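Could you have a look at this structure, given as structure tokens, before my questions?
Chains: A, B and C, in written order; residue numbering restarts at 1 for each.
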Amino acid sequence: MTRRRRLLSLFASVLFATAPLGTARAEGGFILVQSTTSTQNSGLFEHILPLFQAETGIEVRVVAVGTGQAIRNAANGDGDVLFVHAKSAEEKFVAAGDGVARFDVMYNDFVIVGPASDPAGVAGMSDAAAALARIAQAGALFASRGDDSGTHKAELALWATSGVDVSAASGTWYRETGSGMGATLNVAAAIGAYALSDRATWISFGNKRDTTIAVQGDPVMFNQYGIILVNPEKHPNVKAQLGQQFVDWVLSETGQSAIASYSIDGQQLFFPNAQR
Amino acid sequence: MNGFSGVLGQAFGLILAWDADLVAIIGLSLRVTLSAVVIACLVGLPLGAVVGAFRFPGRVLADLLLNALMGLPPVVVGLLVYLMLSASGPLGPLALLYTPTAMIVAQTILVTPIIAALTRQAIRDLDREYDEQFQSLGVGPVARVAALLWDARFSLLTVALAGFGRAVAEVGAVLIVGGNINHVTRMMTTAIALETSKGNLQLALALGVVLLALALVVNAAVMAVRGLAVRAAHA
Amino acid sequence: MRDFPAFDDPGSVQGAAPILCASGVRFHAGGSALIDGIDLTLAPGRITVVMGANGAGKSLLLRLLHGLILPDSGSVLWRGRPLDRAARAAQAMVFQRPVMLRRSVLANLRFALAVQGVRGAERTRRAVQALSRANLADLAHRPARVLSGGEQQRLALARAMAGAPELLFLDEPTASLDPASTQAIETQIRDARASGVTVVLVTHDLGQARRLGDDLVFLHAGRVAEAGPLHATLARPHSAALRAWVEGRLFLDTSCAT
């Protein structure tokens, strides 16, 4: 009997040791930010959030998904702040009453990356739509996010300008990965495809192989990020006060210079442009 | 990428450095996975034993259901748990979304059918052997289930390990309901997914090797306990 | 010869109320009658030996009498009442291949006693007592399943007796045992009878039947071919089947298989 009891107590102690759940760890409270993979994968949050927490004691928990999913999660009330890059979708979010107000935070830009061999001959171009048309004409592989993210929306807008119907080419030279930016870049690098990426993710991406930037500098590839406090009147669980503090800080001079000071290999990744 | 030896070297380096973040991630993986397995055992062992030990109308259906549920896609479970726990879902007021508890819930749902189905099989095999003796002794239903579970305990350890294997390697469900929040809900598997999406393939692989080592340690520990207990109890 | 004959054995307890009574018991499987109308009465305190060639239905009859299997027709009455769990608790059965729980020798006994509702210190006391009676005390903490076949069968018998049954069914308990183990088992069976337990023993061993048996039931083709006081019946068999059996000419009962 003692042996059995000893086994039982061992079992119980394992259970006990693993059971307590650390949901109440932040003394200063925490907020949840629904954001995009580009901001997380680039390392921006790891740079600015500790500064914010040191100043306010508020812990920021980031859920990084595609912009489309981030907006839907926030519309379900699962988040206090939305921090994404798809201006028209963000404005719809506010118009539907899910968000309080939208503010510009910062921008970076999109680049078209592709294999160094440049099968479509677009390297060095600065007209994004023309470059895409040439890729389509050459039938060169193109890896699309295909996930309703901010980058995907921007890419589709560029295709529309170029007059190419990519839905007809789906599965041939046009490959939709249905995944995040990093996963799509992994695919592009592996199969030697072109892809549209935000510059921040591209700079911090670790698996470039022989892929390089082919097209950049077109004003239409401007990529604006916005921040929105989720509407506490519609979603009563939203921590409006703490969330507002974060929004204010990001838009403040301190927050804006924190964003400006983030760089990788001497390259600034995001350019603050909040209007104050 | 420096090939596989580079990955192994980096994995070894990660373990040796025993970085605080890595320790926290390993700790959370163990906590979530083991909690899910323990809860799944508390539900799945008796459930599987009852289905395995008794004949009742609909038993074939129960068998079928358990077997089918073993193949539950993690992402579907993740979505269902997300919808339940979302602020606009029925359990929203509990504020469990994006917490380790949510991940435990999702993994428990994934693991319980596995535990139950494998338990049912182990118990049914044992029951074939014991059935007449139990009838002859006049063993009642509760005592029967308890005795079968106790006597199958060594096979059931393997069953629990199968559940652990599924849980510890799972990423789809915990990513959705946990959110892969740094220092809160980041586990080994979600960290691997994140590093992969950052293009840090070697780091991702090294983390994978660490995860494998972790699974190895847990399995070895359980098998060692089992070995000792077997020697002490029966052959 | 299907009717139960009157005993002329002086040791017979004629007149005592039978503790188990089977009448018209039939059991079919696969379109053939494996037990084809058996009437049987067990008087208390006696050892009834059930014999017959392989396939005659001996093991099946035991299971029917013990209530492990329900007959297709006919009835088995325990002290005049239908078999239920309480009735089975007053009986015990030892199978040809002993079923050992994956526990220690002592735990096997404790389990049987726990099922009988024996609690606490009394349970341990009776388990230890049963073990020493079966000469298994030294093995109390060994895993039951590593015991030899003979030790396992002695344990199975001790476990069956631990619950103090009134009726004990033994299905070829010494079928594959060495002579020493067989002798030990036979001693246990004699002890059981001495303490007033009624025993039904299936065996192939004529010598064992003669050493232990009071009464004989001889099965052939799923029926009672002959029954009566054991020594008298074996000395003067009436049926052709028993005569062939005693003379060593009957090994396999294929009459039901066709």
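Just a few scattered comments:
The rule is short, and it goes like this: contacts are C-beta pairs under 8 Å (C-beta built on N, C-alpha and C of every residue); 3 or more make two chains touch, one makes a residue touch a chain.
Everything numeric in this text was worked out from a predicted model, so none of it was measured.
The most central chain, judged by the distance from its Cα centroid to the centroid of all protein Cα atoms shown, is B.
Which two chains touch most often is answered by the contact tally, and the pair is A-B. With respect to subunit A, maximal separation of chain centres occurs for C (centres as means of Cα atoms). Rounded to a whole number, the gap between the C-alpha centres of subunit B and subunit C is 47 angstrom. Taking the mean of the C-alpha atoms as each chain's centre, subunit A and subunit B sit 31 Å apart.
Between subunit A and subunit C the centroid-to-centroid distance comes to 78 Å (mean Cα coordinates, whole Å).
On the subunit B side of its complex with subunit C, the touching residues are 129-130, 132-133, 135-140, 143, 147, 150-152, 154, 233-235. Note for the complex: subunit A touches subunit B at residues 3, 7, 14-15, 18-19, 21-23, 25, 32, 37, 40-41, 46, 61-64, 73, 76-78, 179-183, 185-186, 189, 204-208, 235, 237. Note for the complex: subunit B touches subunit A at residues 30-31, 34-35, 38, 86-89, 92-93, 95-101, 104, 179-182, 184, 194, 196-201, 203, 229, 232. Chain contact summary for the complex, subunit C toward subunit B: residues 63, 66-68, 85-86, 88-89, 91-93, 95, 99, 101-104, 111-112, 114-116, 143-146, 163.
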